[in-house]
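By letter and in written order, the chains are A, B and C; residue numbering begins at 1 in each of them.
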Amino acid sequence: MKQLYHVLGAKQLVRDELEELFESARAMEEVVAAGGDRRYEGRIMTTLFFEASTRTRLSFESAMHRLGGSVIGTENAGQFSSAIKGETLEDSIRILSGYSDVIVMRHTEIGAAKRAAKVAGVPVINAGDGAGEHPTQALLDAYTIKKEFGRIDGLKIAMVGDLTYGRTVHSLSYILANYQDVMIYYIAPENVQIPVNVKRYLDEKGIEYMETDDLDAVAGSVDVLYQTRIQKERFPSVEEYEKASGRYIVDAELMSRMGRESIVLHPLPRAGEITEEVDADPRAAYFRQAVNGLYIRMALIDKCLGGSR
Amino acid sequence: MKQLYHVLGAKQLVRDELEELFESARAMEEVVAAGGDRRYEGRIMTTLFFEASTRTRLSFESAMHRLGGSVIGTENAGQFSSAIKGETLEDSIRILSGYSDVIVMRHTEIGAAKRAAKVAGVPVINAGDGAGEHPTQALLDAYTIKKEFGRIDGLKIAMVGDLTYGRTVHSLSYILANYQDVMIYYIAPENVQIPVNVKRYLDEKGIEYMETDDLDAVAGSVDVLYQTRIQKERFPSVEEYEKASGRYIVDAELMSRMGRESIVLHPLPRAGEITEEVDADPRAAYFRQAVNGLYIRMALIDKCLGGSR
Amino acid sequence: MKQLYHVLGAKQLVRDELEELFESARAMEEVVAAGGDRRYEGRIMTTLFFEASTRTRLSFESAMHRLGGSVIGTENAGQFSSAIKGETLEDSIRILSGYSDVIVMRHTEIGAAKRAAKVAGVPVINAGDGAGEHPTQALLDAYTIKKEFGRIDGLKIAMVGDLTYGRTVHSLSYILANYQDVMIYYIAPENVQIPVNVKRYLDEKGIEYMETDDLDAVAGSVDVLYQTRIQKERFPSVEEYEKASGRYIVDAELMSRMGRESIVLHPLPRAGEITEEVDADPRAAYFRQAVNGLYIRMALIDKCLGGSR
């Protein structure tokens, strides 16, 4: 039996694999521009979402269709599926393995994707597991940086907002750890700063970083400002949430202090943490970033399906 | 950049365009009879429904599949999507423009489709925006009249029921305003009669109409009786709703007073306002009308996708 | 007009038809192994689920895609569709007949599938109607037995659990009634034993059966142990439910008393009525059974669509 290729976490990819993936994503841009192709006609993707995430789900489904494949799935398995009747995740995955060729999974619990991969008969792609990881988001973030600057080495990257519960900044940090001379600024109120396990990982890899709660002091010297949403549902209490929210707003004033070649990223959706006046600024790269999600996911699907043939 | 073709409201189409669309819908009947074709293989439609409307959504999805295309979407974005996390409609549309080739949208607010079209990178089709418009329903209604009578000019058309909150009668009125010697009867209790802005539009176009609350007096002299459902959720209070509902029932008795060549239409679903005994009457055209929705939507998708190539 | 082929209940199939269906399912295994085919490209299936059943729905959708077809549908029509606006099932079916080539339907009421078939313009497949029937589950159960033993004649088959409200055991009993020298053991607490109408049917067909509440006494002598879930929602009261639940657990200890050539089946999802330690036992056939659902459903779709061409 052939080894399956799963996409479970950002740490699994080393630099060569990242570069190969970015190459593949670049090629997918041409595939889309040409109207898609039919390479996976007859192949089926399952989108198994235990919590709703319309954007991520539609991005994966679009990616599969652009490659000629079909999609089955559920928008909100947590509410609707037999999960509510007490079935284990493992049983669900075993059975869906018989119905499809790749499973894209969103779950509410850390480690759910790994548990799924252990019993799956087809590749599993982690589309977010609770406060754990969201590797495909981090990969598209890194791909965007690569496209915008032509390199990742040597860049100064600030991550702003909820760095404790925001899983995309964890996954992105792991990916950046593969590059040279990267400097990361973690900008957050103390109560939602970057977790110690992320810092330990960066220490092991010899990546420089600093923690601060002062966005204004840093904004002028970074290449990438990665803004994130403060998600109420990730906080243990309303008090903790209120301390963190609304503190860091990217607006025209802040943009005026950023470098001319810098960019602003955001995993989206945004609430009010980037004002709409910024959208017209060429340094506002977050909508370009969103489209890159399609190409990265096409590349990942291709890797999973090509690898299991 | 090429101009995108959006379907936003019934007023946007003039007579020539309507006739062209009806020609296209007629051709689509043959396409379906032949088992569909593959002209939009590889193209993707997004169905973005902020409120559930299973019939309308499935009609659009069937139309896209009959033309060989794929569909991604969400059944109930209002409940599930990142909308609940505070994202603006504009941001959602910007991103979905990167995932698909046409967006079919149902929203709860008047004007939502126009707002979407303003930022969309692909054509937008309005599948109903609150108490605003529902142009594709009105187009299939008009197409049905054209098919049943061979013409629209010179016909007497009664619209019955909730004419204030029922958006399909507004859109249909705008379309009928393109034709000659049409006479419209608005039959409703005073509290839900046709709004003044619709009447003003008809006045400008020189279309004759009359308002009455007496269905029996009019039934015998009309060619088309367009019955509608009284939707509780469109009324500001239970009292207003109760005054309007259940007042106009199309049953065998009423049919006996209608002309031999007349027809009964209904946008469906019906509650009790047309009794089942009427179904077998050849003048009951509402199920034929429902199938026409498929052909009209195929024609509209074709216009949107053909126009943006 | 050609006669439509509907799949409504397990009683509709006689032995020859069952064998033909099993042959077709066997052929579908090869189709899937070869990556599917495109025989129903352009054809559309509607999955109309008034209650959620993710597994069953995805199994049908996968089956349709493996044959090249498209799918439209709704996950939870009971909650979302115009049903809540008072539309009859009959009206829904009439209209969906215009949008698709076959309708797979799950409903909460006994007899709903038959009502649907009466007005449908396309084949209807019953994917479960309340406490009524679930014929496609029973067909895949029977197909699994046939595959595992090479025959059904002469086998001893125990059905365990909730035999009153568990519709799959009713449908399976009707199918087994087509075979020779079958012996059925109904193992359940008295309050949820097999209903009298099922027993009457077996009596008419001359099928032997016995009722008992003692699983241990029977386990060693059966070829097939068909375990089922006790579904809380099917019971009229919590007291009745608690009397029935948790009484019959298939675990390693029970397996040790079963025959070496016997198998354990389960329609899945399971809650705790088969312990995970049993999964590795080669006699645990329930995951093989689940995959068979795909092949049987492909065969049924093929029969419906081939028959209506």
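What we mean here is this: contacts are C-beta pairs under 8 Å (C-beta built on N, C-alpha and C of every residue); 3 or more make two chains touch, one makes a residue touch a chain.
Chain-to-protein mapping (UniProt): A, B, C = Aspartate carbamoyltransferase.
Computed from a predicted model, the values in this text were never measured in an experiment.
Q: How big is the rotation relating chain A to chain C when the fit is done on Cα atoms? Please round to the nearest 5 degrees.
A: Between chain A and chain C, the superposition angle is 120 degrees.
Q: Please tell me whether the contact surfaces of chain A and chain B are same or different in residue numbering, using the over-half criterion.
A: The interface of chain A with chain B is built from mostly unshared positions.
Q: How many angstrom lie between the CA centroids of chain A and chain B, rounded to a whole number?
A: The separation of the two C-alpha centroids amounts to 40 Å.
Q: Using the touch definition from the top, which residues of chain B touch two or more other chains?
A: 75
Q: So in the complex, which bits of chain B are touching chain A?
A: Touching chain A from chain B are residues 41-44, 46, 70, 72-75, 77, 80-82, 85-87, 91-92, 94-96, 98-100.
Q: Give the list of chain B residues in touch with chain C in this complex.
A: Per the stated touch rule, the residues are 35-38, 52-55, 58-59, 61-62, 65-66, 68, 71, 75-76, 229, 231, 268-272, 287, 290-291, 294.
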